[in-house]
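Look at the two complexes coming up: chain A is in both, with chain B in one and chain C in the other.
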Partner chain A sequence: MTTITYIEPSGREVAIDVPDGWSLMQGATANGVDGIVAECGGSCACATCHCYVDPARAGELPAPSAAELDMLANVAAERRPESRLACQLKAAPALAGLRVRVADTQE
Partner chain B sequence: MFSFDPYSPAVDADPFPYYKTLRDEHPAFWSDEAGMWVLSRYADIVTALNEWQTYSSAKGNLMTELPNRAGATLGTTDPPRHDRLRGLIQHAFMKRNLEALADPIRTIARDAAAPLAGRREFDFIEEFSSKFTVRVLFAALGLPLGDEMAVREKAVLMVQSDPVTRAKGPEHIAAYNWMTEYAAGVIAERRRNPVGDLISLFSQAEIDGDRLDEREVLLTTTTLIMAGVESLGGFMAMFALNLADHADARRAVVADPALVPDAVEESLRFNTSAQRFRRCLQKDTELHGQTMRAGDFVCLAYGSGNRDERQFPNPDVYDVRRKPRGHLGFGGGVHACLGTAIARLSVRIAFEEFHRVVPDYRRVQAQLPWMPSSTFRSPTRLDLAIH
Partner chain C sequence: MTQDASAHVVVIGAGQAGVQVAEALRAGGFAGRVSLLGEEPYGPYHRPPLSKAWLAGEIEAAQLVMRAPEALARKNIELRTGVRVTGVDRARRVVRLEGGEEIAYTGLAFATGARSRTLTLPGADARGVLALRTRDDASAIAAALDACLARALPVVVIGGGFIGLEVAATARKRGLAVTVLEALPRLLARAVTPQLSDWYAALHRDHGVQVLLDAKVSEIEVSDGAASAVLTADGARHPAGLVLVGVGAVAQDALAAEAGLACERGIVVDDCARTSDPSIVAAGDCTVTRRADGSTRRLESVQNAVEQGKAAAASLLGHSKPFTAAPWFWSDQYDRKLQMAGSAAGADRSAVRGETSAASFSVWHFAGERLVAVDAINAAKDHLLSRKLLDAGVSPTPQQAADPSFDLASLLPKP
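What follows is the complex of A and B.
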């Protein structure tokens, strides 16, 4: 388990223990975190699990794949350097304590 | 001695008591009848979906696989090949790229619903959902009209299996072969006259400079047709059944059509049409005290994960206000259903239009005839009566 802190669009913060290997999208949807739609179910095909990772730690994360970069072009909210798709980030000890802000709008 | 036979008509009719025992007492269960392990808890299924290196799809994903299909479709390949294949076609299935289909889908729904006006009793499947789904598929793929009903009949037959032999029967294989030949005809036509649509694009696509394998083009197209007809139709029948059986839910949805999307999500959870898919282990894996061996097949029972009380409180209640996010009604992970957006769009529009004509209905048959299938679950006939 790796603890991830999600910041919902309302500003509410929720700390969730996400099983290692699960995506941050799965950790959010399985625990009722608000604001992630995940229309495509985690196959990197919809850009509705857009989130902003803590900019100070963005560089520690595995770089986005070509497919994720391709799909990030479709996000509904503002795209920033720290924009990621939560379905493409896997919980792992290196991410412990990561703060992830859910984008205000997904569609 | 507990047993679980996904070929049994009793499991087709009501798998849920078996699932409850599986989840509580045998969370990693070897089914002799299926010849595979069965995972039934939500968390174990999600983990298996994530670990595609361990739980491979390359030996097939249908519980009873069709001959010569594994390795040539999206659902039966692993990354990285899978990701590149999917990258070629998923653009066409993104929500924003389907908006142009909304009006044609609504016209199809109206045309299919109109003859039901004034009827006191009808078969929802024969007289509404089968007409609707096949026409939506033909519109989405730009297929020439004329063969719709044959395509529908074969799509429904090819996903079935024989409960006695626990295998595909000759009629199922014949339907699959028919569908493959039908797809081959469409592909050949698009290559002669490309029209910039999905099949034209796909049939000429390359990955890393190589043309797609002919079998990939053919069987992926065959699978798209099968899913568009059988999976969408099966799900619509289950949704209609839920609304027929839960009058309060139906009245709420009819009074406020904005509730349809939530009712659809809850239906995907509560009565999942894709009940079970399978994977093949690539290494020995310990789970819940069992040792599953490399080469063993593993059933991921989505229909059980969606009723897992460890994930969904009061799982056996159909609650249209539940918002069951993370449900497994479309599978999950890299292989999550390609058609989620078109399925949601189509079902929403179909029921908006159906409810304009038939707002109040109930189920007629006490016992439903269930499709014999180890993978999918839906009735073959659903008689509805007007109140």
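What follows is the complex of A and C.
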């Protein structure tokens, strides 16, 4: 289990213990975190699980695949260097305490 | 209707489309009651992983969740699961549930989805003949795959469509012997062009799947009540520990038809998701769309559920948000992701961008000079670009599409 802090579009912060190996998208939707739409169910096909990882820690995460990078071009909200698709990030001890800001819109 | 707190929209169906209608109503400022009635015992969950990660035993139930109960509750969307709607009385504006309960509505949305088409063949109702639509279906298939592995029995897939091929890929990756029987001369005949059909046959064969085309199933052989083999019209016998039937989906339109709404192998809707009763909307796999030009279109996809769901909510709120974007779809098989956009019906030429022998390429389909569809394999950039071009009504030439050094984005109108 790794604790991830999600910041919802409203600003509300919610810390979730996400089982290791789960995607951060799954951690969000299973726990009712607002703003992760995830239309495609985690298939890297819709870009509606857009989030901004803490810029100070973005470099600690595994780099996005070519597919994720391509799909990030389709996010509805502002794309920033720390933009990631939550379905492509897997909970792991190295991510402990990671703060993830959910994009303010997914459409 | 938006501000009327005494209004009550009932959504029949708590899948992707149903959830979308409910959430779009709230996003649109609807202040009345929203009831989401689901027949399955589970809250809204994602179907795409059922043929892949769920079937492979890689994820647990909580990872399939589309919307947690608390997320819906926070939006004042009342979810009821395990509820069967038995009838809709349009005159009295009530929905009848099994057991007799009646729910009055001021607005109504059908999001009843589809069910797997069944085979009417000898042996089709034996144990071990399974179809895939629901989470429970997928769990049964996963258990059957485990049993086949333990007993070294092969899997026979009837139907070379997306469901059949995705299950075939998952089963093959688990080390099972897999045979795909496709009745037509090519795989995915309803969905892709012949070139891509050939590519898929090669992909599966390269992974060790036996792909048999023009293979018409005549009977399922049964031993002790369980399927033991599939017999084809050419006299061949294909042993099977599991028979996976993937021969299409049938829209669940019976309730709508009984309520007097126009149905034609699906609830007929317009681009704004309105049924033949303009105060009733429908969205998702249960629909067939009659387009402005008179043609009909049936889409079975996440995008259709989402876009029709949004259109349906807008219609209920008295606005117009037609679903006119190019249809798109994806399928994951092995390490290959297909992303399709547009419709290749009517295409008379195509151009390949890249090499079909490469891991990543795209095929651009034209009807004369007009771009009509693009199939992208592990080429999300091409896919997203193709959607923009199709939606803008802009067509590259086949030469431009085939030239990887030509910047197709430059053809788009400047914002």
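Here is the rule we go by: the second predicted complex is superposed on the first by the 107 of 107 C-alpha atoms of A that agree within 3 Å, B and C clash if a C-alpha of one lies under 4 Å from a C-alpha of the other, contacts with A are read in each partner's own complex, and residues count from 1 in each chain.
We take it that a contact is a pair of C-beta atoms (placed from the backbone, for glycine too) under 8 Å apart; a residue touches a chain by one contact, two chains touch by 3 or more.
The model shown is predicted, which means the values in this text are computed figures rather than measured ones.
K.L.:
Should the superposition on chain A be reported as showing a clash between chain B and chain C, or a fit?
P.N.:
clash
K.L.:
Does chain B (first) or chain C (second) touch A:Thr2, or do both, or does neither?
P.N.:
The answer is neither, since A:Thr2 touches no partner chain.
K.L.:
For A:Thr29, decide between first (touching chain B), second (touching chain C), both and neither.
P.N.:
In the superposition, A:Thr29 contacts both chain B and chain C.
K.L.:
Answer with first, second, both or neither: which of chain B and chain C does A:Asn74 touch in the superposed model?
P.N.:
A:Asn74: touches chain B and chain C.
K.L.:
When the two structures are overlaid on chain A, which partner does A:Ala45 contact: first (chain B), second (chain C), both, or neither?
P.N.:
In the superposed model, A:Ala45 contacts both chain B and chain C.
K.L.:
So, does A:Gln106 touch the first partner chain B, the second partner chain C, both, or neither?
P.N.:
neither
K.L.:
Let me test your reading of the model: by the given contact rule, A:Gln88 touches which partner, first (chain B), second (chain C), both or neither?
P.N.:
Touch status of A:Gln88: no partner.
K.L.:
For chain A, give the residues common to its interface with chain B and its interface with chain C.
P.N.:
22-23, 26, 29-30, 32, 38-46, 67, 70, 74
K.L.:
Which chain A residues qualify as touching chain C in the complex?
P.N.:
22-23, 26, 29-34, 38-46, 66-67, 70-71, 73-74
K.L.:
For chain A, which residues are in contact with chain B within the complex?
P.N.:
19, 21-23, 26, 29-30, 32, 36, 38-46, 67, 70, 74, 90, 107
K.L.:
Using the touch definition from the top, list the residues of chain B that touch chain A in their complex.
P.N.:
42-43, 46-47, 49-51, 83, 86-87, 90, 93-96, 311, 325-326, 330-338, 340-341, 344
K.L.:
Would you mind writing out the residues of chain C in touch with chain A in their complex?
P.N.:
Counting only chain C, the residues touching chain A are 16, 46-49, 59, 62-71, 74, 302-303, 306, 330, 332, 337, 339, 378-381, 383-384.
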